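Following this line, the structures themselves.
You will see subunit A twice below: alongside subunit B first, and alongside subunit C after that.
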Partner chain A sequence: MRRKLGVPIVLAMLAALALLVPALGGDYYVHVFALVFTNVILAASLRPSLTCGQLNIGHSAFMSVGAYTSALLAKNLAVPFEISLLCGALLATLVGLAIGYPSLRLRGVYFAMVTVAFVEVIRLIAQLWVSLTRGMSGLSGIPKPSVLGMTLTSRASQYYLVVGLTLVILLVLWKLEHSRLGLIWKSIGMADNLAQSLGVNIARHKLLAFMLGCFFAGTAGAFYAHFIRFLFPPEFGFLMATNILVYNYVGGRGHFVGPIVGATFLSLLSEPFRGSPYETIFFSIAMLLTILFLPGGLITLPRKLAELRSWRTASAPTPSPAA
Partner chain B sequence: MAILEARELTRLFGGLAAVNRVDLTVDKGEIVGLIGPNGAGKTTCFNLLTGFLRPTRGSIIFDGQDITGLRPHQIAARGLVRTFQLTTLFQEMTALENVLLGLHLHSGKGPRQVLFSRRDFPADEIARGRDVLEFTGLASHADQLTRNLPHGHQRVLGIAMALAAQPRLLLLDEPVTGMNLDESGRVMDLVRTIRSRGTTILLVEHNMKAVMGTCERIVVLNFGQKLTEGTPSQVSTSPAVIQAYLGTGIDHA
Partner chain C sequence: MTLALLVQSAIVGVSLGSIYILMALGLTLMFGMMHIINFAHGAVYMLGAFVIYYVFFQGGVPYFAAFVTSMMLLGVFGYLVERSIYRPIKGGIEPTLVALLALTTFLQAAGYPVFGQLDKHVPPVFPGTTNVLGVGISIERLMIIPVAAALVIGLYLFINRTRLSAAMRAIEAAALQGVNVHVVNGLAFAIGFALAAASGALMAPIFKLDPMMGEQPLLKAFIIIILGGLGSIPGAILGGLMLGLIDSIVATALGAEPAFLLSFVFIILLLLFRPTGLFGYAS
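Coming up: the complex of A and B.
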């Protein structure tokens, strides 16, 4: 209810900036920002589950399912991109149902352990089912994305595709979070026993939030497959799953824009280290710094700075307004 | 006529019988108190009645239907709603949002309807939420964050949320614990008003003044078993009850 106006403004500004990227920078920047948007989808789609209090360290597995499904359908069966993307997202959702249904009654770290194990299972399947996925040789020759029969050959057009996807997904997620459903997710995360006592079917709602995240992670994965056009099983491992989680924490858990800010900030900043061992170090440091100095995440930075400034100017012993 | 009838209610934790063959009947329109020393099994009883724990043995009949083994949200949907000890609330939401969640049950919206609903909270639902806050005396705090409310108000908000779920039987777990005389008096007045509007009440409470002054019938638990039951005056003069609370005294030594 608070700061409701701020979100559309921030989103509009981001959208305007995003649209200018191909005009201002070359293909390299277009590539980098397309991956930033993919990460924004992944981070934002984890939020419903996190809001329900479910620590999901396995989100990349659903991205992987979406990516491989869409890539294989398009490559082997010449399925149009829109359909293969949808199939990838739906299969990711179905797998989410299969994993979520038995394990969502577990809490906290136990649920987290299931998701970690699941990431490894999916990675191993992608690695070992060589006849289908080509295993560790990697899956190549994935067709470029197309819309209504038109193949998007230029980097810029593919970039606009992911910008569009991101905006639509963010809009849906924002709408949901600010609906009754979002309030129910919050209630489950804060006190699930109380929510139950008020008639909330927490098992069903947790599963729904989880599957919603899987659907959008699958979507992001499908785009990724047709954008990079090469899939390599270890990419979707534990590391990426933790990164998605770190986006949420570093950005801030308290507000819808948190994961968006976190994913944008961290993916841009970690770009020089992408694929190198330093990437892990970078993310660990970012996470540690957040826990130590900004427990509310980057979205609380302006407030924190304002507080610091008022402390410095008001050297007289006046009570802090934040108290 | 009985609205709630628990028969031989038993719950074992390992070898320990936290609740042991307790028969508990609550009639429509009553205010019944459930008391007993610490560890007597009162909260376990509540958890069994509301589905948070499964009884090891025994059955629970609510309004003529067997609700044994149902899950908490299913029991709440049948009109048996509880509050929690201390301040189990949605602390990071406003008071109104807390109550709106209480109304959730009767908005007729399962996950699927919720997902595809256009309007978040229709005006009539918000109005109903404000009505509940008005009734419980919290109207002026509707838009405050729950964690910023004083303790007494937080406890009342817990009751307000349960009321929003339109219970026919309301289970209150220590509604006035930690309150001063003035506050607890007001809460017990509220409890009587709720009853006069047709909601039956079963409450657990340590504050004897509140229990004795409000309940028409009192059930005493000790070591998981029903020690006795009766009117406040019968119970407060019962030697067994005095013994359970104060010990056996000199002759036992």
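Coming up: the complex of A and C.
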């Protein structure tokens, strides 16, 4: 019962806090938190694939597809933001189909290796197709996002847009995870041969979970493109792909809020080191320590601490009244 | 493309392929034992090259001794990684992969403050060129082929003369027969890391050194083991030679990046029609 109530409460609190950011902080905080929300979308959208037991280490590639598609449509063809965002997300999904269909029928490690290589493929295409993407000079002059023909000029309004997007996407993912489909995904992740013996088409369900993730990664990428308004191929490299995975593991794999907690915590904590090599050093150490000492992720921290406390009181059965 | 250019790029391709084979063999060996992919393989290659920079170039130690040092140091490092990361996770494949990924990003990121921001260069060990079939070939590149071949043959003999080969085929059955699984896994980590270090050490005098230098060879090794089939040693050797030749000949004709894109398209097509690779076995 507590579990079922937990998520809506956390989401409502997050939403309330999120809406206060522009009022309380300046443009800097609005900028930082908009990127935190982008990371939350990316991390949460990786979860269905991970639930199926598929290690997708190439999520940033699909973000990149969404970002470049939406940016180029809006910039070169003056397509409205809503449509270009949708096109970016759809193309990311299609590309996901092309990569996922051959590799998802095999055991997980093949898929993991193909996704890693795919990050490099997308980066090279973005880098080499200079006439379209401007290559390593970077794509600039991307129009600001607009809603129903109204351009969102202020940082705060763009921020509210990403908050809205995040809430909708989280709601969809939450509903899916607690539907029959979510149960099937879980069963595949726990014992795929057993699930198959019960008549579950595992390849199709893995592909569906993966493509769903690609769709939302493309969405996050499209928002990112119109928010930052500058795209540079190496940005969507191996490092960003690993970070998205890290959010899930550091936050915790066992519960829906895991990637949300992980993305928020790590994005905010690494903000002071942004751009320096220490950011990555910090990330990787956090990840190693979590996997070795807190395998359930940050979301299990309260329970672990409670266990530790009860263990301590149990080992000292007669606490002195003076203490 | 003239015939001379073709011969030249074929020889360079075999030399490049030898490096890829050493990388892929370590990966395939570790996969065969533990069903994990060592994502840290590229970072170990990088460390292997930097050992050459410090021990051979800065320290003035003879190249061969530096080469052995590099393999030994990183072999020990591999054993330590098995003890401190693989063993505590207790065979969880997915957490192990993520932990190795974290180790990779750590080693790469820590490389910048430790080794410096500027690219490093190691002077040639075997300078000059020699004449092969009327074409000038750098001796440095040519020397890679016998060294790699010796390592591959040594590894092959070692695996087949010891109970390691049985353990590679069926680690659980080997455990039942009294093989110490921890020792075997530690050995697989040590050998895999030492082979990656050897590749890096061989390439150090040819390419520039920077903390990210292992990423490309790692991706190539991934493509090779998908191509050759996971866990297959002949597959890794054949796949490595094929990719080395593709890389050298296509790269000479079209450039390095199209060569990589082409090999990726090739493995996606291969996965569509022959999902377990050329030599792989079904799970």
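Basically, the second predicted complex is superposed on the first by the 313 of 323 C-alpha atoms of A that agree within 3 Å, B and C clash if a C-alpha of one lies under 4 Å from a C-alpha of the other, contacts with A are read in each partner's own complex, and residues count from 1 in each chain.
Keep in mind that, in the parts below, contacts are C-beta pairs under 8 Å (C-beta built on N, C-alpha and C of every residue); 3 or more make two chains touch, one makes a residue touch a chain.
Here the structure is a predicted model, which is why all the values come from computation and not from measurement.
Visitor: Identify the partner contact of A:149: answer first if only subunit B is touched, second if only subunit C is, both if each is, neither if none is.
Guide: neither
Visitor: If you stack the two complexes on chain A, which partner ends up touching A:26: first (subunit B), second (subunit C), both, or neither?
Guide: In the superposition, A:26 touches no partner, neither subunit B nor subunit C.
Visitor: Who touches more of subunit A, subunit B or subunit C?
Guide: C
Visitor: On the A-aligned overlay, A:275 touches which partner chain: subunit B = first, subunit C = second, or both, or neither?
Guide: A:275 contacts neither subunit B nor subunit C.
Visitor: Check whether A:183 is in contact with subunit B, with subunit C, with both or with neither, and answer first, second, both or neither.
Guide: In the superposed model, A:183 contacts subunit B only, not subunit C.
Visitor: For A:200, select first, second, both or neither according to whether it touches subunit B, subunit C, the two together, or no partner.
Guide: First partner only.
Visitor: Using the superposition on chain A described above, determine whether A:302 touches subunit B (first), subunit C (second), both, or neither.
Guide: neither
Visitor: Of all residues in subunit A, which touch subunit C in the complex?
Guide: 53, 55, 57, 98-99, 101-103, 105-110, 112-114, 116-118, 120-121, 124-125, 127-128, 238-239, 242, 245-246, 249, 277-281, 283-285, 287-288, 291-292, 295
Visitor: Note which residues of subunit A are touching subunit B in the complex, please.
Guide: 1, 176, 178-181, 183-184, 186-187, 190-191, 193-202, 204-205, 208
Visitor: Please give the residue numbers of subunit C that touch subunit A in the complex, ascending.
Guide: My answer: residues 31, 35-37, 39, 85, 88-89, 92-95, 97-99, 101-106, 108-110, 112-113, 215, 219, 222-223, 225-226, 230, 257-258, 260-261, 264, 267-269, 271-272, 275-276, 283.
Visitor: Quick one: in the complex, what on subunit B touches subunit A?
Guide: 50, 52, 71-73, 76-77, 81-84, 88-94, 97, 100-102, 104-105, 107, 109-111, 114-115, 117, 120-121, 143, 161-162, 164-165
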